[in-house]
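Common to both upcoming complexes is chain A, partnered first by chain B, then by chain C.
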Partner chain A sequence: MAEAYDSVSEPIPISLIAGRYLLFDVNVVTYLRRTHNICGSLIGGIPQAPQQNMFLGLPVELMPEEAALLVKKEIGYIVDDVAWHTQRFNTFEGEDRQKYLASLRSQGLKARKTAQFAARKRADHGLRKLVAKKAIESDSSEDESPDTPFDGTSSDALYDVDRPSSPAPSSIAFASSEPYALTPSTSYSPSSLPQNSSPAPDPPVGPGYALFELLQSRGYFMMPGLRFGCNFNVYPGDPLRFHAHFLANAYEFDEEIPLIDLIGGGRLGTSVKKGFVIGGEDLDAEAESGRKMRTFCIEWGGM
Partner chain B sequence: MADTAAITPADHGVKPTVSAEPPKPRAPSKRDQLNKLYALPAPLRTFPLPTFVPHNPLSLFHILFVWVAQTVNPQPAHITPLYQGWFSPETRSVHVTDARSIRGLWEQGFYGKGSLSRSEPQWLELQKTRTGVKKAAKNDITAWEVTSTRRAERQEKKWERARTEREAIEQKLAEEAAAALDEAAEPILPSDLMTTDTMTYEIVEEVEQVPDEPPPVAKARYVAPVGPLELLSLPNSDTELKSSTSSVLCFSEDMDRRFVERFYAAPVDPLKLLALPNSVQDYPPSAPNTQDVSVSSLKSPPRPPSNGHAIPSLKPRSLGVSNKDGPDSEDGHGLGISAPPKLEEVEIVGGSDTNEDTVDDSVHSTHSEDTVETHDTPPNGSALVNGGPSTPKIKRRKSVRFSPTVEKTTFIQTEPPSPEKAATLKTTTEEEPLVIRDQEHTQLTLEEAFFLAYALGALDILDPETKKPISNQDLFYLFRKTSYFPPQANPSLSPDDPFMTNYVVYHHFRSLGWVLRSGIKFSVDYMLYVRGPVFTHAEFGVLILPSYSDSYWSSNPFLQNYVKSKETRTWAWMNRIHRVITQVKKTLVLVYVDIPKPLEAEEEAKIGIDAMLARYKVREVMMTRFSANRQRD
Partner chain C sequence: MAPASILNLPPASALQENIDAAEASIGVSPHPVYLHNLALSITHNLQYHHDWTSVSVHTHSSLTNSPLPRPVISGLPPKRAYIHPDEQAEILKVEHSTGKSIPQIPEREWVLPTHLQEKWSLAKFAAVFDALDTVPLAGKEPSVAKESAEVVGHQWQGKNRLKRLLLATLHDDSTVVYYIMHDGIVKPRQN
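Let's turn to the complex of A and B:
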C-alpha cells in the first residue's frame, strides 16, 4: 500500500459527475488526506454491510471549495466524467479497444489470483489446525486408533474419512482460470487521461472559499458543516483523531449579518464546546498583500 | 440547616408536639399564590353573571340583579386609570416607568422586560435584599436569585469535574514520568537507585511536614521538571551546573526573599487579583503586616487551581493564624471572627450573629439559608467569582451581610475578599437606613406596546416631546417606521416591514391565549408560554418567515429577485436553529406570514388598521426531526 500511496502522481483527476466532485481511488484519497489536509467525505455504501449508513466507503465526495483549492494549487484537475466517457467510448476502436479489454482482463485475472491465493491459504490453515487437533486426540487415546495416517498432506486422509469418493466441487472453481468480471469505477485508465484538458469549468465557490483557503493554509482540516449549521467544521488535525474546534461561517465583507444568526451560531457552538468563527474577505485591502481575511471567534457567555 | 436544627434542644422539644397537633389551616401553597397573583391573563377585568341554578329560582333574581346593575352602572373593563408608557425612539421600545403600570403589565399577561433584570423587573427587590434593607425571608427568593444560585452550583460542579480530570491527567503524567525515570536510572546506577529513592522519599516527607518550605532543589533532579518554577530553576549552562552546590548553600539563606518573590510574583490568577488591595489606604502600612499579607497570599498559592488537593496541607497554618485574632470557639455557636475548623463554615462571618444566635434559633436557620443565597454571583457577573475550584468557599465570607451588626466587619461588594484584612482592618460603615432609588423601568417591545394599546386598549403611549397620548393610527405608522434600522423617515410602507410581520404573528398567538416573549436568546423570534413564564417553561420557539404567495410578488423580475432575497434560507441555517431549539427541549414552529400586495397610502388610511391586519394570513408548521433511534420509545 505504501508504494501505491507513493505512486500517486500530482495532477490528480477529480471526476465531476452530476455536479459532485468525486474521487474513486483509495490511494489518491489517502494521499490528499496526508499531504494536503483534504479529507472530503465518504459517500459510498460498503458492499459487506449494505444496510447501515454509519460507516461509508468510496467514493469520496469533495466539497466544491476543496475541489477549487486543488485545482488552484494545481494538485488536481477536474474531469467531466460523463463527457469524457462518451467521447472516449465513441472513438474506441481497434487496438485501443483491444488494449482496454486486455487491461480489464488482466486486472480480473489478478483479482482472481489474489482470491485463489487467499482461499488456499485459508484452507491450509484450517487443515493444519484440524491435523493438530487430531494429533492431540490420538495422543490421548492412542490405543484406540493407533495407525491413523498423518502425513504432511493430510488432505487425503481427511477426504477419505469424510467423503471418500466425490471430488470437491469447489476445486473446479479453484481450478478455473476465468478472470473475475470487473466493474471499473472509471471508464479510463489513469494513463489515458488528457493531461491538460480543461473542459470542465472551475468549481463554483461561494464566499466560503476565501475562509476555506485561509484555514486550510494554516493546517486545519475542514469537513462540511451542515451538522452544526455552518459552512465548515474546522478540525485542528485529522478528523479521525480530533474533535472539531470551530464552526466556521463565511460572510461577505459588507454583508449584513443578522444578530439572531450570531446568537444562534454562538449558542450552538458553545454548547457543543466549539468556537463559532465568522470570517470574511476584505476585498478593498487586497492590493496590499494577497488576500486580506478577517476572522472572529464568538462564544456565548451566559451558559 | 439540619445541623443547627439538631443541635438546638428547643427544637427537639417542640417537634413532637407539633406533629401531635391536629393539622392547622395551611398557608396557601406556592402554586396557589401564583395562581392568585397572576389570576388575570390580560389587563382587563371581566364581570361574569352569577351561575344559574335551575332548582333555586332565587338565583334567577340574582342574575337579573347583577345584569341590571351592570347595564345601569357599567363598570369599566379596563383598569383605570390606564397604564402609561413612554415611547422611546432611541431604544425603539416603549418605556414604562411608574410602579403600578410595571407591576400591572407584568402580572396581567407578562408584558415587558425589566431593563436591569432578566425578565421580571426585580432589580429593586434584589438590591434591597442584597444590602440588607429588607430582611430576606425564608422563602422569599426571587427567581433571579434561584437562577443564579443554580448557575453558581452548576459552575462549581463544572470546576470540580475539570479539577478531577486535571488531577487524573497529572497523576498519570507523574506516573509516566516516574516510570521514565526508573527506566533511565536503572541501567546507569543500579546500586545507587535504592539510596536515591529513599532520599527523595525523605524529602517528600519533610515537605509534607513543613508545607511552607519550597521544594528543595535536589528534588528537581528526580522529578521531571514541568512546572514553570522548576523549569526556571534548571541550570542554564554547564558552569551554573557546576556551581550549583554553592547555590544550594545560599538557597537556604535567601529563602525568605525567594519565598516572598514566589508568592509575590505578578498576580495573574483571579484569586490573587482579588486579594490585591484596592487603594493605598487598604494596603497594610508597616512591617508586622507583611507577614499577614504573605499568609493571605499563601491561602491562594500561585499554582493552577487543579492542584486543589495540595491546599489542605496549607490550611491548618492559615487557620491557626486567623485563630490568633479571635477567641477559640470551634463549636456551632461560633463567635466572631474566629475561624471555624472547616473552610465550609468560614462563612459565619464575623460576629455576625453573636447576639442573634443566642436569641433564638430561627435566626440561625435563616442564617444558613442565607449562605446558600449569597453564594450567588454578584450582579455585575464577574467571571472571577469562580476563579478556581477552591474559590467559592472562601468567597462566601464576603457576601453575607444581612444583619446590621455584620456590616461592621464585612466588606463592601467592591472590596477584595480577604478575611485576614477583615479581621485587622475595622471598616466603619455608617449604620443609617439605606434608601435605594428604583432605577429600573420596563421596556415593552413595539409589538407588545401596540397590542396593549390597539387590541386591548389598556395602555396609553405618550410622546416624549408633546407628553400627550399617541392615537392608534399614528402609533401604527410610527412603529412601522421605527421597526427599520435606521428608522425610515419617509417609509414606503411596504406590507412586509418587520413590525407588520411580527405584529401579525404576535397578535395571532396572543389572541389564541398564548403568552409570547422574545426568543432572541434562542435565536428565534418568539417563545410561546402556555400560561406564562412563572408557571412553565416555554414550549415552542416561533420563527417568523415571510411568504410572498400573492401573485403580485411574482409579477415582475425585480420583485422576484426581491422575494428571493427575502425568502432564501439555507439548510445549514435551518439545522442550526433547530438544533439550538431542541437542545433546550423546545419545539420549533415555523410561522409563515402571507404578505399581501402593497396598497397606496390613501387606500391604507381609508381601510384602517383592522382591515390592514385582516389581509395577512398566518400558517404554522411545527418542525421536529424524526430520529429513528430516539423516537422508537
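Let's turn to the complex of A and C:
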C-alpha cells in the first residue's frame, strides 16, 4: 500500500471527459485525499452490486473547483482524454504499436500470474486444513482403537502431507500461459504521459472558487453541497470520520442576497447542527496576502 | 360632521408611544425615517417580547465617528445570547471537576435591524461589521461582565470574543426572527 502511495508523482493527469474531471487511479485518489484534502465523489458502478447507488467505485469525479485548485497549485493538469486518445491511437504504427501490445500482454501475464499464485495459495491452505483435520480424526480413532496400528486414514494423511511438495495434477490447469485480456481505463500508461502538446483549458471557476480555496487552505474538506442545498458541505476533516461543520454558499461581493435565503440557510444549518457560511472575495480591497476574503457565519439566535 | 365619539381617539399604543418618543432624535439623524422606524420596531420587540434591558439605538460609529450604514441597536439580553462551543466545553470541564455551576453573565450584543423585503450583500454586511466595535459600549449602567483572567471562558468573552451581531429580521406581520452572525468562520454550537 505504502509503496503504491509513494509511486504517485505530481503533476497528476486529470482526465477531462464530456465536461467532467475524472480520476481513474485508486492510488492517486488516496494520495489526493490524504495530502491535499481533495475528496471528489465516486461515481463508478460496482460490478458485484450494480443496482446500488449509495456506495460507488472508481472513477472519481472532481468538482470544477477541485480541478481548478489542483491545476493552480500545479499538483495536477488537465488531459483532454478524447483528443489525446484519437491523437495517440490514430498515429499508432510499427514499433510503437508492437510495444504497446507487448506492454498490454505483459500486464495481462502479470495479472494471470498473480491470480495463479493466489489460487495455489488458496489450494495449499485448503489442503493443509484437510490434513490437520484428518490427523486429529486419526488421533482420536487411534485412542479409541489402539489394536489397529495400521489403518487407511493414517496412510492417507502421509500421502496428503507429501502432496504440496509435488505438483498436484489439478494445479496444472492454472498453469496456462495465456495472458488475461486487459481493458485499460485510460488511454495512456503513467510512463507515456501526454507531452501537453495541446493543454486543455483550465476548469471554469465561478465565484465559488475563492471561497473553496480559502476553506481548503484552512484544512477543511469540501463535498458537493446538493444534499443541503448549498454550494459546498464543509468538513473539519476527512468526511469518512467527521460530520460537516458548515454549509457554505459563495456570492460575489456586491451580489444581492435576499434575506429569506440567509434565514432559510441559517435555519436549515442550525437544524442539522451546522453553521451556514456565506463568503466571497472583495475585489476592490487592497490585499496584503493574495485574496481579500470576507466570510460570515449564520446560526439561529435561539429567540 | 363627524360624531364626537370618533374625535376621541383611543389612547396610543405602546409602539406608537415608542415611536413618538423617538421622533425628536430622528429629526437630526443622517438616516432616513423608515430605517429609524424599523429600528424602533425591533427595539420594541427586544424590550417587551424578549426582556432585553438598556436597549439603545446607535447612529454613529464609535470607531470612526461617521454615520453607520443604518441605525444599529445594542442591548443587554436577559441571558447570554451566545456561548462559543469551545467555551461551553471548558465550562463543563470546570463545572465537572469543581462540582459548582458557573454563573453565566449576559453580555451586551449588537442587533442589526432588517426587513424581510430587503436584499443585502457581502459588501453591505462587511461595511456594518467594519463600523462596529467588538463589544457595544455600555451605556450608563456599569458593565456587568468582568474581564479578568480568573473567569472561566474569558478567552471568548468581552474584547476577546469574535465580532458578532444579531441579525434581526422584521416581517410585515411584526414577526421578528433573530440570527447570530459572526464575522469570519466560527464553528457551530453543539446544540
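Just so we're on the same page, the second predicted complex is superposed on the first by the 261 of 303 C-alpha atoms of A that agree within 3 Å, B and C clash if a C-alpha of one lies under 4 Å from a C-alpha of the other, contacts with A are read in each partner's own complex, and residues count from 1 in each chain.
Please note the rule applied: contacts are C-beta pairs under 8 Å (C-beta built on N, C-alpha and C of every residue); 3 or more make two chains touch, one makes a residue touch a chain.
The structure displayed is predicted, hence computed values, not measured ones.
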item: Which of chain B and chain C A:246 touches, first, second, both or neither; value: second
item: Which of chain B and chain C A:101 touches, first, second, both or neither; value: neither
item: Contacts of A:263 with chain B and chain C, given as first, second, both or neither; value: both
item: First (chain B), second (chain C), both or neither touched by A:229; value: first
item: Residues of chain A touched, compared between chain B and chain C (which is higher); value: C
item: Which superposed partner A:274 touches (first chain B, second chain C, both, neither); value: second
item: First, second, both or neither for A:118, with chain B first and chain C second; value: neither
item: Residues of chain A that lie at the interface with chain B and also at the interface with chain C; value: 259-260, 263, 302
item: Complex contact set, residues of chain A against chain C; value: 215, 218, 236, 245-246, 251-260, 262-263, 266, 269-270, 273-275, 277-280, 282, 294-303
item: Chain A-touching residues of chain B, taken from the complex the two chains share; value: 520-525, 571-577, 579-580, 583
item: Residue ranges of chain A in contact with chain B within the complex; value: 225-231, 259-261, 263-265, 267-268, 271, 302
item: Chain A partner contacts - residues on chain C that touch it in the complex; value: 50, 77, 81-82, 114-123, 125-126, 129, 166-167, 169, 177-191
